[in-house]
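Paired with chain B in one complex and with chain C in the other, chain A is shared by the two complexes that follow.
Now for the complex of A and B:
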């Protein structure tokens, strides 16, 4: 059975090994990409068919790494469950980790349920080193790596995958996966909570694929954890500049970081500005408030009376307010359109400046309402259905 | 800051700001109380000042457009207290809170002293009954469940309202349009709001809901007929509502917003006789900080004549259901301009947790402006 759920795997594994596997499938985030969990497939047993189950003691572990998925065979012996497992590292026959540098192998303790997970992490670190060594085949890519290594922001937050050299073209490729040092901690909480997925850690990952050793074909891609992506405005938040030809990572990566940081700042600022705006409007129009978004401050509806006529003004505040102007929708409480909808009129361009503070915006809005509402009323009575 | 002011020193009523009793705060532990040490059952209904920044923006005046005749106010509330005296302490609060909302002079004359000891003695617990308090629910725009109750008595189809073009129209016609405007607008503001429609003849009938689709509600709205009805059985209506809703119970009313609030908007027009209402079980619903009972009373404008109950008395009865001072009540003449009715419904759009007290609501665009608009003549 190939694709199996963690529960099935745990059910079939030999009971002595179950805690070790449990720790891996339940807590198993080993690399930079915390949104992808470790998966288990190909659960098998080395025991004879006469052995009463469950007695599986070997499986394939799928590990996301630098945009690839490593498939490592982990082989225990159900008859000697206290022994550490053997590993087969997929197609990477040349990956020979140094056992003495694997503390959880040297001091393997089958009684500690996190032992296997920790060992996998240590192996992954060694794998990373191994991949970085392979970069020596391209001086250009080695240079990229070395320059990143010097920067402490990236040093420990990097995964490198040096692809197989294409034996036909002699081309060598590599991918760098970097965790970006962007601070998301001040993003307003309400923006972060609304995702169906378990968001895990808030993280931004930049993957840069070098399709050739001379770095003429470079493809960067940004990954954001779901809640961050949502908070920054959805998939448009993933737009990053193209990798400049002749450019290098040590210049490009900070550029992307800055772009993201700016977006985060915009969003944080937008939230506080919207809050200020709504506070100011409540203070100017507060006794006529119908409803407002008390969490994200993204909208506000006011009731206004002018010469015994009631009007509603719906204010929609965009994510990148105050750079982006709020939309005003005027609505008559008496009229419908011919198709039975509420009679309303949207105004997107009215006197506005992002440099005004909330108070000034409220005052100017009031002045604008006074000039606009009479003509709105006229229009409603002329074109609307009572 | 809350500072307790013990004693009925000046006879002035003030809305009380106390940390309410909740399941997580059974002792009202953070209250600062007067020397009697009791949290209630106290003959002094006027106690602490409202907290800064709270919703108590004014004094405890009756927040209705008409000041009700004080004697009638008390009659209703005391009657209420007496009928429920054997019941749990909550109803004592209802009675005494109702009294609190009346004007100062009334309270000075007739404090609920006689009723309270009577009720206290029947309480099974040692904890004194909850005092009058104003629960400050956070001002969050949580989803609303709005139950629109439409009176289908004959008065609704009398063509007495004056429409925009001067012709006469009836209240049912206008109500239908207003309700449609109301649900469509609420839906536009927040798609989570839900609506239900109840019509009242001699009994209350739940026609539709809850639904968040305004069209679903509107489809039931236009095939309605009026007929001559008996006096309005408010208790029946409240029971019908009570069976269909479940009010949130929050651990901490003041800090945790509810998942939704329930609001009844009653459009009421019949005049025959007095309101039938016995608080009984519906009182708990009325007292919940998450339940609101808004009323639009369409009256014939006729003042008290002989034995017939005037519309004002009925209106006052409705007002007295509002133990928290948070509900909106409007009275509109059936023979007046239809625009008044439209405007009431528009004012009722406001979210109950975010709208001001009705007496403080003000919508005029020109209010508070200096007279720069007036052209000076030289």
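Now for the complex of A and C:
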């Protein structure tokens, strides 16, 4: 019943209602958090138990909203599939949307498969307004909301969940979920390709939880879509600053935005820099290039001959190049170590400066090779065996 | 606020709902009344409690969904009127049935309810929600119902009581105050009522039954009087019977005494050393016989069985008869005094009070005996047997002397029996000899002493 796969749900629902549910399950991305799609559970029927299936016509829809999951009951009648559904809004017993503001309910058309999904989106909008209304119970939080509302970048990209008042302590809590206006479009495609699932929209969401009405306990959290997270170097790479006590969202959120933007820029720059580096090496070493990463420009392998001594140089470019220095690995083509590997030496510190351009780096690298090779050769002959 | 619905209305709603293949809805008709309860207690003067009671008399199912509202949930007054017609005034709520859903008002239901409250002008309009939950394998189905009053902010759920639906072993069958509003019913009752009700409105049957009851009571009273009289007559008869019994016993004792004296004289003439043991017994026995009359001071009307000693004395006469003591001689016969030597043991296997004489010898003249050979039943049966045997005894007296020898041989066997049981006799006699000694309680509370077997 729970964690039902969409296909199972579609199989059990009454055939006349299937198109509506199909649309919801397959295309159903509502709200800011579009990485989580809508889920359907608890399929039941309103027909007598003697009716042969599939005849399910009522179910629970799980909708992600402001970090919470809303569980709404949707009730159809399989015998009258042309009729619009009824809703039970779970624990939000006081939420009563205005029917006139639900055009897809007033002009319900069971023939249009997207009708249900559109209706759910309209209900969600009404729900958002209802939650914002509830913020009135705390003037501080209402202020936060209003200030964000004025900023056009956040106005339409905000979900608010005003939590239930704790009946014992009388505390009121709220959560703001904001979609950060950060441009991810310039992130090189290769960085976004590695995720197994459909990455969906690239989005960064900032969730700020106010555990009390006076904003003394505030917990921010950044959510990145998987591809962005990967592109920026994993979840550990990005740390957002703590919410300053006495601060407010209208100041804090832009801070986080800037941080994120900087990071993205850095990543983009790094990519370009790496490309430049590789290009310079290609032009300097020409035929000596064995192979290189033509997508991410993270690796380069050269084969160099010096006084009849051949060797390989592997260059590994880190993510935060040029800030971080590339690693050079020298490898002999003749000598093996005891473990059967080709004899190699890694060099991490050599003359380098992040301010050099690609050309300069290639020239300097060449010069370094010349000084280092005799040393390497000796080492190879001494420690390796043919 | 309390609410009640009659059993038949409830079952009718359930029937309609369960038979529909989709959600189902309708209106509830009835009355709302206010009950004021004034309670007076010692601690306070009086408290008045106002309770609003909603009574659901009837229901009006809707033929289909969306029959009086549109997709947006807007109620059409026109459609409402066409459904309800003149029953509109009686509407106190509405109901909805939906399978496998939560017991919570839905979005559309709330919207409709608000509008109905306004249109019908019922401020406390109620909403009855039925939900039918079935288990996955259809083995168990539960019909749940909740009555809401959504127009209140708090305490929105009201208990709905159905009279006589519940554990009737602890409650009486209640007559509900919900009236039967059927016109047909009222007509029929009016037409045929006179056959059942008299002018006071009391059912005729009740009066008839009461008359029967009174008649029965009178009869019972009369019978009581008769019973009393017959009891008194019986009491008197019993007295007479007891007196007669005493007389008979006395006479018998006298004859027995005479006979014994004669025998003693005979025995003395042929006395042996072994007889030395006997005289004490004889004297004992004679003492028994002597004291027997005085010992039991029975009231004439008491139905107590005669004492053991009485029976012993009675048996003396029995044993002297030639007729074998097949019936009456269930008691040991003490008369085997003076028998020559040790008696040959006879096939005696019975106890003291059990057909002792039945195994003794043959019976040339069997005497028909009553089936209950116990003497001293107190109901006269024993006296019957005694009478008969007494009669037989008198007849056979002439034959006794001739058959003495024979009898003595027989008696010798009896004597052995008696020897073995003399200890018992002694115990009995000891108790008789000292009539004045009160029963002494043994440590464990049993009364010992003057007891008769």
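By definition in this document, the second predicted complex is superposed on the first by the 384 of 386 C-alpha atoms of A that agree within 3 Å, B and C clash if a C-alpha of one lies under 4 Å from a C-alpha of the other, contacts with A are read in each partner's own complex, and residues count from 1 in each chain.
By definition in this document, a contact is a pair of C-beta atoms (placed from the backbone, for glycine too) under 8 Å apart; a residue touches a chain by one contact, two chains touch by 3 or more.
In this text the structure is predicted, and so the values were computed from the model without any measurement.
When both complexes are superposed on chain A, chain B and chain C end up sitting side by side without clashing. Within the superposed three-chain model, A:331 lies in touch with chain B and out of touch with chain C [touch as defined at top].
By the touch criterion defined above, A:312 lies against chain B but remains apart from chain C after alignment on the C-alpha atoms of chain A.
Of the two partner chains, chain C is the only one touched by A:86; chain B is not. In the superposed model, A:349 makes contact with neither chain B nor chain C.
Of the two partner chains, chain C is the only one touched by A:51; chain B is not. Superposed on chain A, the gap between chain B and chain C at their nearest CA atoms measures out to 52 angstrom in whole units.
Considering their complex, residues 286-295, 299, 301, 303-306, 308-310, 312, 314, 331, 333-334, 336, 341-342, 366, 369-370, 373, 381, 386 of chain A touch chain B. Listing the residues of chain B that touch chain A in their complex gives 138-141, 163-164, 177, 180-181, 184-185, 188-190, 339, 342-343, 345-347, 349-351, 354-356, 360-366.
Every residue of chain A that touches chain C in the complex is listed here, in rising order: 44-49, 51, 58, 73, 75, 77-80, 83-84, 86-89, 93, 96-97, 99-100, 102, 105-108. Contact residues of chain C toward chain A in the complex are 18, 21-23, 65-66, 71-74, 98-102, 104-111, 134, 138, 141.
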